[in-house]
Amino acid sequence: MKVGVADTTFSRFDYAPVVLKVLLQSKPKVVIERYTVPGIKDLPVACKRLFKAKCDIVIACGMVGKMPIDKQCSHEASLGLQAVQLSEGKHIMEVFVHMDEAKNDKELAEICEDRARKHAQNALMLLFDQKQMQRRAGTGRRQGKDDVGTLKI
Amino acid sequence: MKVGVADTTFSRFDYAPVVLKVLLQSKPKVVIERYTVPGIKDLPVACKRLFKAKCDIVIACGMVGKMPIDKQCSHEASLGLQAVQLSEGKHIMEVFVHMDEAKNDKELAEICEDRARKHAQNALMLLFDQKQMQRRAGTGRRQGKDDVGTLKI
Amino acid sequence: MKVGVADTTFSRFDYAPVVLKVLLQSKPKVVIERYTVPGIKDLPVACKRLFKAKCDIVIACGMVGKMPIDKQCSHEASLGLQAVQLSEGKHIMEVFVHMDEAKNDKELAEICEDRARKHAQNALMLLFDQKQMQRRAGTGRRQGKDDVGTLKI
Amino acid sequence: MKVGVADTTFSRFDYAPVVLKVLLQSKPKVVIERYTVPGIKDLPVACKRLFKAKCDIVIACGMVGKMPIDKQCSHEASLGLQAVQLSEGKHIMEVFVHMDEAKNDKELAEICEDRARKHAQNALMLLFDQKQMQRRAGTGRRQGKDDVGTLKI
Amino acid sequence: MKVGVADTTFSRFDYAPVVLKVLLQSKPKVVIERYTVPGIKDLPVACKRLFKAKCDIVIACGMVGKMPIDKQCSHEASLGLQAVQLSEGKHIMEVFVHMDEAKNDKELAEICEDRARKHAQNALMLLFDQKQMQRRAGTGRRQGKDDVGTLKI
């Protein structure tokens, strides 16, 4: 199996080391290919090219600014990622962190690290362990913050 | 006939037992295939794969957070589900519940249960009983809450 | 020529009798096929299937709730209807009525009836009388309310 | 070369005479085909059909109401026009005028006339004179109002 | 390698000289093809045609007005650019400047110049130097303003 990692020069956090650390511990082993682009709106083509290079799944990492135009860009990027996924029939784990999710740089970096790590794990689970994924259905898992659990009724 | 059930680990409600209970009572009997993914934006590819596995209809269950970014995600997921449906020419019953639809966990779970159950019934009706569906046209049916009926004039 | 009629169980108004009344008076005569689905987001696939069943045009009737999420749903449904129309190269008359267009049930039903009737007439005009359609260009025609006429200058 | 002209019965301004006047003065001469539909959301299929009838470019004229739902419709229509253009690899000049662009009927008609005339000229320039188009790059051209010129620095 | 440059007559800034200056200094040399259109919504077809003319990447330059309708247009243009990129599997550098990004004409021109220059450099880096692009991942690069750097933690 081959896993693509796409990221951007716009981001203020370097996701690749976090993602690669998870992927390198994968059993069974996976081949990794990386592709860096300027910003999130360049990620869909990057993913398209990674799939063309025989990736089975891609982890797309980006950061989103605080202005309304940045939100619009993230929406356009996400729609592009949807289109790529559907034309390929393969998953892209979207690791997008919005700069207004955190109160300061430290918290922002922690969100980035947590979301990237957990989605790298999700990518491997989608590739190798659908049974484990199904056991987690409806359990309130979160990436970038703590899990919230199943509804208490 | 084969029915796909797609759900997420993000959701705080476990839809699958509700949906499966309805599907297992179907006459004629249906074959069921399940696929779990991390979040709602991963559901379109899940549905695509379930259709590739010969499903005739898919029930896609997800939960949507309370923040504006969550609304954006649900919009992107829904557009992805539209694209899958049109490329396949087959229906996906979208069982999405927004966390701000309810005042507390108990009410939220009730909405989830009601919507999932009724849309599982709708899926079977679309597969097996278009006549019954047509008799219900214009009768104000709701999933997740009580029916509201035809306009009183 | 064959005309499809798609409608929903969500709607509180039963559009089909209004539409069928117009279609049955068509000269030349048209064949009619109907397809009912749960809600407006299921209409694009319904239309796709009606076109596959050799319809030359489809009238898609739905009702839209009052909440922001309902507006989002109508937007997704409309984009789906656009996609179907373009892949088929054929028209869909969208008869969508928003529940907040009217002050009460009676007015809402009147809007539904007017819009359905006029768009059924538009469907027949698109099929059989482009000359008449061109004569009406720029004349401020409305469906669901009174025509407003050409700009007074 | 063949130029399509698509317009609507919803519009309160009759664009066709304005557009045809420009097109009839074209050197070299162009063949013209017209197609009228009820509203702006019917324009994408109209354009699709005009391209199928061998048009090399289409001028799509519509009017947009003042309500939020009208803005949503114009967005859906514009996305449909984008899709048609990209599937054909050919331009559509979008002559959309919003009813809230003007203070009164007279001003609205003037905007319609100006925008239709200039975009008909743009259509011919795209077909026959890319050199002239390039000379105008960055010069702040406007349709529907006066040009604003290059930035003063 | 061949680089396309698409721009508009709507823009109040002439991007082409800035972009061409960077491209002409490229090592290895690149062939350049230019295409000018009226506005940003015409850019997707322009890019489509530049790719058909064998361009390997396109730089699409536009200016966005201050009104809500202008924002909607930029969103539609960007979605069109996404669609072109994905159908071609090739990058488009989107050099869009919003007129409300700056306080005055001078600042607006500076943003235009900076964004166009840096994205022309990005285009060349994507074509020729993925290693350099990867070294910049997560370093907070900006086009149109100063870089903001990696998160300080």
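Labels A, B, C, D and E are assigned to the chains in the order they are written; within every chain, residues are numbered from 1.
Going forward, a residue touches a chain if its C-beta (ideal position, glycine included) is under 8 Å from a C-beta of that chain, and two chains touch if they have at least 3 such contacts.
No experiment lies behind these values; they were computed from the predicted model shown.
Enquirer: Touching both chain B and chain D, which chains are there?
Expert: C
Enquirer: Could you tell me which chains make contact with chain B and chain C both?
Expert: Both chain B and chain C are touched by no common chain, going by the contact rule given at the top.
Enquirer: Taking the mean of the C-alpha atoms as each chain's centre, how many Å separate chain C from chain D?
Expert: Going by mean C-alpha positions, chain C sits 25 Å from chain D.
Enquirer: Roughly how many whole angstrom separate the Cα centroids of chain B and chain E?
Expert: 41
Enquirer: Could you say which residues in chain D touch two or more other chains, in rising order?
Expert: Expected reply: 75, 79, 83.
Enquirer: What's the contact topology between the chains, one of line, ring, star, complete, other?
Expert: Shape = ring; chains linked end to end, path closes on itself.
Enquirer: Going by the contact rule set out above, which residues of chain C touch chain D in the complex?
Expert: 71, 74-75, 78-79, 82-83, 85-86, 89-91, 93-94, 98, 119, 122, 126, 130, 133-134, 136-143, 148-153
Enquirer: Which of the residues in chain B end up touching chain A in this complex?
Expert: Residue list for chain B touching chain A: 7-16, 34-38, 41-42, 44-45, 48-49, 52, 68-69, 72-73, 75-76, 79-80, 83-84, 87, 105-106, 108-109, 112.
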